[in-house]
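The next part holds the structures, each set out as structure tokens.
There are two complexes below, and they share chain A, which is joined by chain B in the first and by chain C in the second.
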Partner chain A sequence: MTDDGDEGGDGEVVVDRDEQPTLTTDGGAPATADDEQSATASYVTRWLSDAGIAEYLGVLVVAVFLVVVAVGVVAPSSAPGQFVAILFSKGTLAATLRRTVPIAFAALGGIFAEKSGVINIGLEGLLIISAFGAAAIAQVTGSVWIGLVGGVLASTLLALLFAVACIEFRADQIIAGLAIWLIALGLAPFASVVIYGSKNTPTIDTFDRITIPVLAELPFFGALFDNSPDVYLLFVAVIGSWWVLNRTRFGRWVRASGENPDALDTAGVDVSRVRYAAVSLSGVLAGLGGAALSISLRGFTGNGPTMVNGRGFIAIVAYLFGNYDPVGALLSTMLFTSLTQLQLELQASGVLSIPGPVVRTIPFVTVIVVLALFGKTRIPAAAGDHFESGEE
Partner chain B sequence: MHDIDRRQFVRGAGLAGLAGLAGCTGGGGGDTETATPTPAAPATIGMVYATGGLDDGSFNDQAQQGLQQAKEEFGVASDRSQPSEVSQFKNFQQQFAQSTDPNYDLVCCIGFLQTDALKETADSFSDQQFMIVDSVVDQGNVASYVFKEHEGSYLGGVLAGMVTQMEFAAGGGESDPDSANVGFVGGVESSLIKKFEAGYLAGVASVDSGIETQSTYTGSFSDPQAGKEAALSMYNNGADVVYHAAGNTGTGVFQAAQSEGRFAIGVDRQQSITRSSYADVILGSMVKRVDTAVFNAIESVVNDSFQGGSTVTLGLANDGVQLAYGDQLGGELPDDVKSEITAAREGIVGGDISVPTEP
Partner chain C sequence: MVEAVRLERITKRFPGVVANDEVTLSVERGTVHALLGENGAGKTTLMNVLYGLYEPTSGAVYVDSDGLERDETGELAADPRSFDSPRDAIDAGIGMIHQHFMLVDTMTVAENITLGSEPTKWGGLSVDREAAREAVRDLSERYGFDVDPDATIADVSVGVQQRVEILKALYRGADVLILDEPTAVLTPQEVTDLFAVFEELTAAGKTIIFISHKLGEATAAADEVTVLRDGEKVGTVDTDATTREELAEMMVGRGVVLETTTPDREQGDPVLSVSDVTVEDDRGVRAVDQVSVTVREGEILGVAGVDGNGQSELIEAVTGLRTPEAGEIELDGRDLRGVSRRERARSGMAYVPEDRQERGLVMEFDLTGNGLLGSQHDSPFSEGGRIDWGYTREHTESVIEEYDVRPPTPETQAKSLSGGNQQKFVVGREVARDPTCLIASHPTRGVDIGSTEFIHDRLIDLRAEGTAVLLVSSKLDEVRELSDRLAVMHDGRIVDVVDPDAITEEQLGLLMAGEEPESVPRADRLASGADGAEATDDDTGDGPGDGGRGPDDGGRGPDDGGRGSDDETEPVRAATDGEEVSQRE
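Moving on, here comes the complex of A and B:
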């Protein structure tokens, strides 16, 4: 989607040269410029003729959903009515946003790394180390903002270690990524035991909520304007990431480095440096997510899988689902987190008369179904490959 | 140039790895500590802790407290191992069972996740005495200790039900007299955690069957964010008190209570002390005396009265479970609440009230 977007904005000549081989290597994709224009013109007729099972199923699901909502609005005391009340409550949206923060930040980080050709499967580890770093530093300094910076630093350092292993020493990216996760999973609780004598850090301060007057009073969308700073920071980061990836020279280098590093090298750009920068950036972004998680929960919990509890792996799914688009990653994360929150509230309200264990699988089943039916993920051509410049 | 760098890197990594391995020779993933017993010790105890490990602020620490008490009273010697995964239980149990120097008189297995491993181990080492907490292993050489969590939770339910119906403000929370609504947040849904829920809901219903209840399971014992969001939505829907049986996930419940100015009830230990930053919203805690189980088992070994194959059930009657009032809020609870709870306790001990184990 976004790939097409910058075809029109060919402001920079050098970069388009990098971009060109990308499209030819990936000849199967139907998204050439001509095609796109005709597509927008007769989208509906084309859809009807092309539509497969996936599309019809999709329409069916949307139709069922609309019927449920309609029934719910008409009869608020019925089961669909209660369902709709939960679905469109301010509290659900606010909870969804809070849950989205760590996952979406990690997903943004994953996008930069993988777009540049380095598959960063260690996002979970980056979240863990930054969650602990932020809590520990906030506890020592007494300032959550310094804690946030500390968490980001910790995560960036670990990401750099990963970058050195993958780029300088050409380690297998998947193995190195797993190592990053395992290092953080062991190191963070261990450091906590050394410093505090317990796997959990003491309670720290948290962010103050920022409420935007008037807008926060809106019925449902008011929840968007009544949050702690980390939520706003996420919105800024999503827009910023999209802009950097699609509208700046650095973004084009990152994409070229993942699609066709040889072309980038030929154009005189150091592929390794681009990849170092992209992986470090993934450390910064994931660090913001981990730090926001532990600060918003007033401390780090290190038992078992730690408080991060698989969010880094969900993030990987989220950005693949969003096809490496920051906005897509945010939306797919929100789909997952809203369903997770919804199932908790449905369990509590007892609206659905099906067993709790089944209700709890709703987010996972939905995401798998949506991914299988509508997922269109195109992995960068050179992702996972080492690059060696011919120069040396 | 790259090749040299890589070789140096590999060599460095190899050296670091060797050093790491050398440091691990004792443990092999988990951590085993061996202490030579003093000859005078009346018994040597091997402890296999649950996967959370020591310093978990609840289950394992409580078990260790029982061991400490036995050390002080009888002077027993002990070694411990802290498996980090379920797959390691069998290995650690067998290490203790096989050992002849020292020869362990009793191996304590903490936590229901050890059940399957112990069934095999106890079968292959029929001369070794074992005890297990939170589960029943039906073998002649195993003493099983289980708790009536539902009885303690019932008292928590009475507390919650009374508080939500009255106008009560103390510490950092207040109850809304207009709404009669309470909540329960569980960790991983299992028959064990369902006992907490069932007892709690029965206790609430005993106060007034009209009180609305909300129960939810987060699916994890270490996800405070999930606990917080679950409890926040309950408080938003009018809940005055939320009880949790969710380990570290419960920390999030306390935070939600604090941010909404409502109350919570803790679990396993006296959480108004172990989580003291939330003492201003913790009405009380359903305390589970794992230490009593460990101490009793050791005592029986020391006195040569160990009963393999027996199952000891610790309930309200023998102080195996208790409702401990909050350190900060307990003093402010009205007397009629406390007398109601005392009456319910007597009713359960006396057999007049039977508490369900399934919701």
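Moving on, here comes the complex of A and C:
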């Protein structure tokens, strides 16, 4: 712990070294109070000089939004007024949450897989197969809950197939993931045609809404307590996923497996098993999302890109945007779904007319802009790499 | 003696290779045992067998931390152990610290130490983080380590990371610690600290086996040394009863000249001059901070420093692989700003990259293809966009022959060569460009003693021919022996430019750690011809310093006399140069 301070004799060197920025390791600790003071004083000027395009853009967007809301509150009958009314209506929030469910579940699944080092680009396929599986089994058994379990099983089996290809047979994860999507995209409508003679399943029952007394009466936030069970299930899953990843042994192993599998292997934990477990878990979570989708929409529709229609890919965007954090993934999913929902309601009320497809590109544009400008998402170091024990 | 580990006639075969041939190793409890040998001698394989990463083809492993018991007839009472996985070895009290640390950068010290054996609470629902921290604190205190359990691995120094690795093994109850090349990434001071840690551990009854190819370390830290060569055990010797020369001969199988001699030579005009160059790394952090160095004709300028202090970025800026933020780089007086890699190579800059597999070779290409690399645009290798494979092949053959690359066939794929042969080929290819300036980055990293000797001789030949050589290496012996002047880098800056013959290892170590020792033998005489910025640096340094360093100057008297007077060196140089070259060919 030698200090950098002055020592007689080698003055010239000290001069030289003092010009260096203070090292953060040890020594040189004083003057924090001064720093704080000047930090507050010059924060604005510092920000103005440090801020890049990203910061300016962000501030601009927030400012425009605040102005619109302010105008809306002052003049409720104006266009901004209608906008504010829709923005803060219970109905908008409730609908946004329902839209969020399948995407956020898939995103949670993606987090587990990728944190463990397996990039699961086949989330879309898992959603499709579980949406169909849930609808078909609910139709046969007459119970949406058995349907839900069926959907989860279908998705988990497909995820296991993916895991075997990637872990056991060391297939390229991206290609195997695309294969999973294509398999599901072909298989689900085909099975539907075989069973029902149509790409769409017959109409099925849906979840009963669960209303929590009193809390459901709250303005706006009441929507959180007056919704179908899959929404509640999602909240539980988000919190549970966060806990598992950050607080349990399994979560540590998953993270280690994605960052430095050799470290985990030499610590005596079987990396392949951890990855199998993580990918299976991603199947379970994505399965919950897919099943919730078809059950809440009362059946599976298999035309074109099927009823899943790209939600699995938005899920990937959402968890990247949320930096692999379950809560972050939920929030970013809600950002995207609320934009879609707002757009629909605004078009319906005639306040705004932007073509729907333009709005649907927003998640992708946002993520590209955000990743390019901020670049905060940190991909697990070993994501996409195969692992073989004892490999030197 | 009480044996803690006994490996009995271990043979390990890989397809086509016998990595260990009937090797017997016995290690006494509470001692430090060094496993010495060149690269490819089978040291790591043997330890991987002990650690359960490899299953031996034949032979038996006996382990007992309390010492192996023998019955009346002298036979081992214990049953042989065989470990199917590291887990088994860990359970038997064996811990291994790999050459590349097995740490998760994004996790904390405590998380890494407990990984795989986390204490839990609430019936396994949660990791008990407080208990983990407490356990780490206990262990650190018991063995006199100084680590913060909550620091993130990415933020701590390499020395601390190594301690974390040792703690990790101790946390798992290891009684026998295996360390694979533990000193490769450390500064001399950190090495000293590590050896002190060894003493603490053996005093506590732990047994240490460490792998090394450095003679000095083996003799300094170990009680006993076992030498392996080509997969076979050459012998086990007591360090008190042997010499470095004897060990070297055991390793290589023939007499070796340990010291490389650099004949004195008068340096000419500056060839490469770097002034006030600032470079940022991939994360946008300033990795090189206003560095100025000059390399002159017929001079080897060494750059010493712990890896990751900006050497790589400096080299990348010089070679044109990275654009500096500020500063000037000149080759033969030509400003290199905006000059492409290809153009730099054409103007006489050759480059031996630090990672031969990443940047030096295309592993999937054969040697002919690799011999072409860097020359593919130039006559006579290519004419009018067509490559002359016949010429390329001949050229490759001549490199292979001159540099004794094995196997000596141009059709061999680069990836099937051993590391030493790959390196010899890269060096050979670059030297064959007949450069005016050679940038050599870790030219002997991971190369065995024989090839290292050879590469060193080539660098000295180049110097004799008047080439300016910029040599970056983390091997202190290497830079000290080869360099005419030695620049020490720390935290992106050149801390000092010193005389490699006069500086002590301790002073060098302090400089590498960014500290300033009391007095340093600067490369005064040699530096005086340097241009602009560097000269100023030295002037400020020498003004007050010269007077104050009187006694030290006196101490360096004989040395100064030896290389000081220019008049004498001049004629001698001409003679030695001629002889040197003719003798070597």
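Everything below uses one rule, namely that the second predicted complex is superposed on the first by the 317 of 392 C-alpha atoms of A that agree within 3 Å, B and C clash if a C-alpha of one lies under 4 Å from a C-alpha of the other, contacts with A are read in each partner's own complex, and residues count from 1 in each chain.
FYI, contacts are C-beta pairs under 8 Å (C-beta built on N, C-alpha and C of every residue); 3 or more make two chains touch, one makes a residue touch a chain.
This is a predicted model, so every value here is computed, not measured.
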Open item on the list: For A:A267 in the superposed arrangement: first (chain B), second (chain C), both or neither?
Closed with: second
Practice problem: Tell me which partner A:K199 touches in the superposition: chain B (first), chain C (second), both or neither. | Solution: first
For A:P219 in the superposed arrangement: first (chain B), second (chain C), both or neither? neither
_Tell me the contact category for A:R252 with respect to chain B and chain C: first, second, both or neither._
second
Checklist entry - Is A:R98 contacted by the first partner chain B, the second partner chain C, both or neither? => result first
Residues on chain A touched by both chain B and chain C 392
Within the complex, chain B is touched by chain A residues 89, 91-92, 95, 98-99, 168-170, 193, 197-200, 202-203, 293, 296-299, 301, 303-307, 309, 340-341, 344-345, 347-350, 356-357, 360, 388, 392
In their shared complex, chain A is touched by residues of chain B numbered 1-2, 5-6, 9, 51-53, 55-57, 183, 189, 214-226, 228-230, 232-234, 236-237, 247-248, 251-252, 255, 277-278
Within the complex, chain C is touched by chain A residues 2, 9-17, 20, 23, 25, 243, 247-249, 252-253, 255-256, 259-260, 262-269, 378, 381, 389-390, 392
Within their complex, chain C touches chain A through residues 44, 48, 53-54, 85-87, 90, 96, 98, 100, 102-107, 111-112, 115-118, 120, 124-127, 157, 168, 172, 289, 491, 493, 496, 514-516, 518-519, 537, 540-541, 543-545, 548
